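As written, the chains take the letters A, B, C and D, and residue 1 is the first residue of each chain.
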Amino acid sequence: MLHKEPSGEKQNTLIRYFNSAPIKKVYGMTLSYSSSNEAVFDLPYNPNFDHALDAIHGGVVLTLLDNAGWFTVAQFYDVWISTADLHAQFLEPVAQTHLQGVGHVTRVGKRLAHATMDIKTPEGKLVARGSGTFAVSSLQLPPFKGR
Amino acid sequence: MLHKEPSGEKQNTLIRYFNSAPIKKVYGMTLSYSSSNEAVFDLPYNPNFDHALDAIHGGVVLTLLDNAGWFTVAQFYDVWISTADLHAQFLEPVAQTHLQGVGHVTRVGKRLAHATMDIKTPEGKLVARGSGTFAVSSLQLPPFKGR
Amino acid sequence: MLHKEPSGEKQNTLIRYFNSAPIKKVYGMTLSYSSSNEAVFDLPYNPNFDHALDAIHGGVVLTLLDNAGWFTVAQFYDVWISTADLHAQFLEPVAQTHLQGVGHVTRVGKRLAHATMDIKTPEGKLVARGSGTFAVSSLQLPPFKGR
Amino acid sequence: MLHKEPSGEKQNTLIRYFNSAPIKKVYGMTLSYSSSNEAVFDLPYNPNFDHALDAIHGGVVLTLLDNAGWFTVAQFYDVWISTADLHAQFLEPVAQTHLQGVGHVTRVGKRLAHATMDIKTPEGKLVARGSGTFAVSSLQLPPFKGR
């Protein structure tokens, strides 16, 4: 249950988990890790996720924030973690653009982990900023089953 | 820019807007209004939005929270409103279930509107609770263009 | 560590704890419990907590929100709990008025507890609304030592 | 109503405002600005603000977060701003220690301003992290009246 250091091996396992997730396919997101161990989510513009006025729905931004925080702190644990609290500030409306979400570790502890997350456009415009609190469970992550 | 009372006519316009949104189709959500003027979102279980361990992704819950708050407070305005802040508490993990999100008005003002939102299963289990702050713009809502 | 039902005895112990807290004296707050087991904090107007423009400082409202949530969920545990996340929406500015904060349980679990909190004036104006997430520790509450 | 650049003159006015606030005296906080225009609040340990178990009350941390964010973004406006949303993550319990709160601008706009805030001990331990959303009013700040 104690937290570990991130490693390339752990990151590869998490990327395989994410790639097997149905939600990855419907959104068309990809996960990678930066050299400073931040989870990086790239979402090419997908018009299926526009709202009625042809801009990108807030739920897309929220999904990226949740993912960026979760996959950043998950590197530190061998057990399942669950999002407990998520707070988002929406800073700019966005339409017809690629979005990138990046997570930053605030603290990893025995019971709780905390991260902040930023969503930007390729031009570097900060679209949303969030913070997440993640609860550490006692449930061992199952071995990756493939899909 | 001043806020108005909800009306069946305004609710029908908002439902038409929502029904024309691409995100409605990809999720398979429906919007209705309760007799007490709460926006009600129903999302039948859609396995496309599962995460890697076959439970429903947190982004789905966040999208429902955002929608339930936005469409509840939007009834009070003739102008565009935008989600400014959204806070979510995740209370229960959920798998393979219909979800329903309902919004409750806290306050509607000239510059900001506030709501709380609950997500439940059909059995009445409270899955998540959120609060949203919405900024009132000076942008008149365009006439519904159909789609 | 498992949660218990509230009781008058537990409420009296929590009131004694609160009454021995230095912060109770400097603010002049009182704690009671409603018949539906909500923690109720009353704060008579105290000009020492005004900000520079002679209205009540936001920190006062935040302190009441934290207290109302904490003492509502603390009834359910024999161990120490700590505030993990607190989100507040400020709805109305307030000056020279008594304030009352009330907590409402959302969920009490083995690891986390959740509550919502409202701050009102005596006229019933809703001043602020908040939500809190509280982490359940393994630290037994020490016997009340008096002061 | 449009936002301006911070200046030493504006910072001095804000410090004079803060120094005249009753809450400054009861807490014993001081405000300064860093060379990168961050509001910095220093609070020497004050046992009056302990809770019943002799650690520092969460309301103290919340008050510092609110102040650090407000006085950081206030530099950019000639009008009154009000805290609209505040989210706090409590990371470490603290007892008998000086606390320092620092604000960082996220975005300053015509209607809303956003900041993040950190609270640390003199040893650099991160005690709490928060984010604030501030609403820009049309109310001109009154000339400083002194006190």
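By our rule, contacts are C-beta pairs under 8 Å (C-beta built on N, C-alpha and C of every residue); 3 or more make two chains touch, one makes a residue touch a chain.
These figures come from a predicted structure and were not determined experimentally.
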{"item": "Numbering shared by both copies at the chain B-chain A contact, with half separating same from different", "value": "same"}
{"item": "Chain whose average C-alpha position is farthest from chain A's own", "value": "C"}
{"item": "Mean-CA-position distance for chain B and chain A (Å)", "value": "22"}
{"item": "Centroid distance [mean C-alpha coordinates] between chain C and chain A, Å", "value": "33"}
{"item": "Separation of mean Cα positions, chain C and chain B [Å, integer]", "value": "30"}
{"item": "Where chain B touches two or more other chains, by residue", "value": "84-85, 87, 89, 133"}
{"item": "Pairwise touch network: line, ring, star, complete, or other", "value": "complete"}
{"item": "List of chain D residues in touch with chain C within their complex", "value": "17-18, 20-23, 25-26, 47-53, 57-60, 62-64, 66-67, 70, 80, 82-90, 93, 142"}
{"item": "Chain B-touching residues of chain D, taken from the complex the two chains share", "value": "84-85, 87, 111-112, 133, 135"}
{"item": "Chain D contact footprint on chain A (complex, rising order)", "value": "85, 87, 89, 91, 106-107, 114, 116, 126, 129, 131, 133"}
